[in-house]
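Two complexes come next, and they have one chain in common, chain A, joined by chain B in the first and chain C in the second.
Take a look at the complex of A and B:
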């Protein structure tokens, strides 16, 4: 059962829990006894979104609803999409994004909530031949919120899809991306950053299915957790039989900055073709003591040295965002979280 | 010329699974099927004390309430647990005074398999050659254990499990089921109810076991399962190296092998456990027959600074489902896992390890080499976890997969759970096929394609092979070659 269906039918027993392999570290069934009442429509002022200054097309969805973003063949667009939860109700949101052949789009997506809401967003993203999409997601949920975003991405040959998800966690937060990769020289980049503090949880899950020859996937996710926060990364790359000459790389690296924080990771490769080159790397650990010592020896207070080193660690992912305006927004978001 | 002869012989021997013969001997069977009565029958057959029977019946009861797990990346028709014999033993009495009383057919079987059961045969070898003691398990019972006297002189107990239950009940009671609890999982629970035999090793404090110990498992009877249970205890400061080998005849039906291995190391002790698993893999074309190898192996590093090293070469079985694990409880304890898993034909393997860091400054190292050829599927599944108290925990994992052929599959599913800020985990994995350049290079120098593949594969698995004890390494290298027979071209 999907999270959306559980919310729509208000059946908490239909929520995925730790016995579901894909949700083992993001247990919703154990957490939510009863789905809250449906969220009330919201008519007040929603203020400005993080990407408002960068986009001409601005969409705002508060407490559910639907929107379609269609960009015709050869057209260019920058779209800011805000998905908001106001109050402590439950709701599901639907977004459809369609790019015609050779369309070029920057989709700047943000999630904001202000209380203990339970929300789910379904995105259906389709790229036609030669289309280019860069998706930047900034998830700034409330510490009491339960927020799930699930994107289904379908690419055509020669499409170019790049994504960076930046998350600061929530009571439970899940940002999931499933990509059907047709090969055919389509290019995919799936990146993520999570910076968690307090008791926040954030889960970044990706599944990429290479269905045909000549596909490329590059994935890099980095996270920093402190206090009692919990970061989760699940990445799966599937190479179907016959999808030869696939080149897929996945990396996940996390820093744990406190005694009680936790990082769970499952980088998976599922390969059914032999002429492939696939690799993944995963590291979890504390900041390099030597680097810290070096910085402090030069008169830097411990807090500043830690901030500087973690910023450099995360910076590698943020630098991969090609849209400069969005990159600056994400960098400022990261600096604000790491500065303390 | 010698090399040519050897190649010819080698190729001839490659033609089929060479341990696929059946030994025609008189055997005792329990009635087919599984019930509390069968459990009683097995216990009675082995003259077990009352407490052991209670233990078995308790396990059986719990097993009835459990469900067969299905999370592994393997697929097979549902097992009918009533359609199998749970006890099969050579008719002549086990636990003999001397080898002369063992059924000559059984001795012949082990001779064919190349396992030296006669101590003098071992001794007749080259002076200074490594010696090893063998416990030979034929279907449900241990038929012979060699070198017992010599081992007893230094205080090492090496005997069959049934003998240990009779002779050393205090040790068995103290440790049995403490590493793999009765209801740990479906197959371990089944094993606890019906386990028939296996090896028992106890190495007293400060003793370095003077020779390698080994157990050789052979499934012979038709329609029977094998459920052996092994328990190895290395007391403070002790060291033992243990080898395990397995084969079975070629049969059309699937046979279940659900073993449990428990290792315990106390302070400063070390156990090195090596396995060469070569159960019948089933027909390469149709996938018919073969052993279902569903095994639970776990080590409990209870003592500080203790160490367990698992090395496995998995080439046989139609389905392999096993995860030799280490619970690193003692401060400064360490665990190692070196694995070569080769699948060919229609074999399926889902294997890996679990390293559970509970103590401070615990270390673990995982090197896994998976090779899949033909229409087989090979999955590495592993868990590395650090408890909040396991400060200074350190893990390094490397998983490499090699694909040979268009229809083979290789998967890597690592789970990493870090629950403290002072643990350091590193994991890397690659999946590739044999390099065409390397193949070309080697073949250009006159090697056939088959030989070239063998050479490159042996290079690929070298990191693990060098962890095996000498005699095993040679056997394993040959096995690697045999397993890949017919995978190219």
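Take a look at the complex of A and C:
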């Protein structure tokens, strides 16, 4: 079942749903009775994107379309990619990113919708030997939107891929990353942050397949949910037979700030190799009452104390973004959402 | 200044404070001593408004204002400060950020302007130097990885920064060696003034050699069972709490 195919054929019955193991917490089939009409081409002003000031190469895709980002061997680039949905139609978008050997790229991606659209984006990202990519994704969708982003990442040996997905949810929002990891001293960092309020839903799903020896994966996702919001984290790391000396760490930690908010988490390690170092940790809970009282005894009202403690909680992930400009954008985004 | 009358409080369904009365006038330091389980920490939490401590009777006022009707942060803004027995570690929040956030929240509650960054840093440098705290330590996450003694010193630093009217020191001497105890006591004594009051809760007399109390009270079984001058602390050190526990 493919979301893109369902949109392109306008066949809602082709959408993935709760009977698909990978989609059981993000049931699009149960939600969408009919795929909306195709989105109209959009020619109006799209305003500024969150990363515009940081990039010389700026790409804007509105209501579908395609773009290719090719960076040749040894070249450097900072690219801001905006994927916009205007209106309440449906569309699919295609993005191809190719880095030649030792290319160094910062890809700053944003999803921005303004209504009840149903949209899907396919990204195909390929890194050659020794290429370095830092991908920062800010998903700022409309509360009525259904937004799916699916990235397929292929790494060559000695590649260095780092990703941080920051999401504030939508009616349904899913950010999916599948990485084929060749080992060979390639390094992967796969982080996420979700800050959800109202009735918003956000799903971060990752699958990493270590295919050969000497691969590293470090994954840290943190979320804060309040009101009736729902966060979903599915992380799977597969270590194939023979992928020895793989070092993989996965952490997912969420704070639930109201009785009616929900977090569903499924961290999985599937290990078929013998000599590996893998670990995962998963915690879901409330804010530490002792720390909250400590801050309040010093004079902070509950809202201020909660904002400070949740920002610090999320800050651990944001601090791992190495591109300072993007880190500041994500930090400001988080502060705005957590502000007391 | 602080007037506590017949205070009764429960934790869960267990009565801990059973009619505690106490009067600490402005300008004075009172010590509360007592055996483990007497209700010393409960008293500090009830006075500062921690959730989970239910007041079932009596009153507590500061300068005539009913403390028990106020939230924890409102009490702090009125100048009530608790130096915690076990200061919390706050990962991800530098000590300076924590204190500045607290200070500005208090100022806002009192209708005052926020402190500017240069003013704040100047004050922090001065107080850190007085308490022999390495300024770089204040840029680190509050109390994370600090020793027991460093955490207590950081409590007194926060107290010096926030300049409260009424201070409660809960077992501030625990975890301190003699040198650190002297520095902390100097910091506390520097805050003694005719318009401030202080309640020093301690199990041992040692701290009171450095922070000289005007009055000493014995807390046992959830009530004050004896009060006296500083000599009472020495007597307790000599003879122990046994006879007071029996009396309670």
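Assume the second predicted complex is superposed on the first by the 339 of 340 C-alpha atoms of A that agree within 3 Å, B and C clash if a C-alpha of one lies under 4 Å from a C-alpha of the other, contacts with A are read in each partner's own complex, and residues count from 1 in each chain.
Convention: a residue touches a chain if its C-beta (ideal position, glycine included) is under 8 Å from a C-beta of that chain, and two chains touch if they have at least 3 such contacts.
Everything numeric here is computed off the predicted structure, so don't read it as measured data.
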{"item": "When both partners are placed on the shared chain, which of chain B and chain C touches more of chain A", "value": "B"}
{"item": "First (chain B), second (chain C), both or neither touched by A:256", "value": "first"}
{"item": "Touching partner for A:313 - first (chain B), second (chain C), both, neither", "value": "second"}
{"item": "Touched partner set for A:275, first chain B, second chain C, both or neither", "value": "first"}
{"item": "First (chain B), second (chain C), both or neither touched by A:264", "value": "first"}
{"item": "Which of chain B and chain C A:297 touches, first, second, both or neither", "value": "second"}
{"item": "Contacts of A:284 with chain B and chain C, given as first, second, both or neither", "value": "first"}
{"item": "Residue ranges of chain C touching chain A (in the complex, touch as defined)", "value": "48-51, 71-73, 75-77, 81-82, 84, 87-88, 90-93, 97-99, 101-103, 105-106, 109, 141, 158, 162"}
{"item": "Residues on chain A engaged by chain B in the complex (per definition of touch)", "value": "21, 241-242, 254, 256-286"}
{"item": "Contact footprint of chain C on chain A as seen in their complex", "value": "288-291, 293-302, 304-305, 308-309, 311-313, 315-316"}
{"item": "Chain B residues within the chain A interface of the complex", "value": "71, 388, 391, 401, 403-433"}
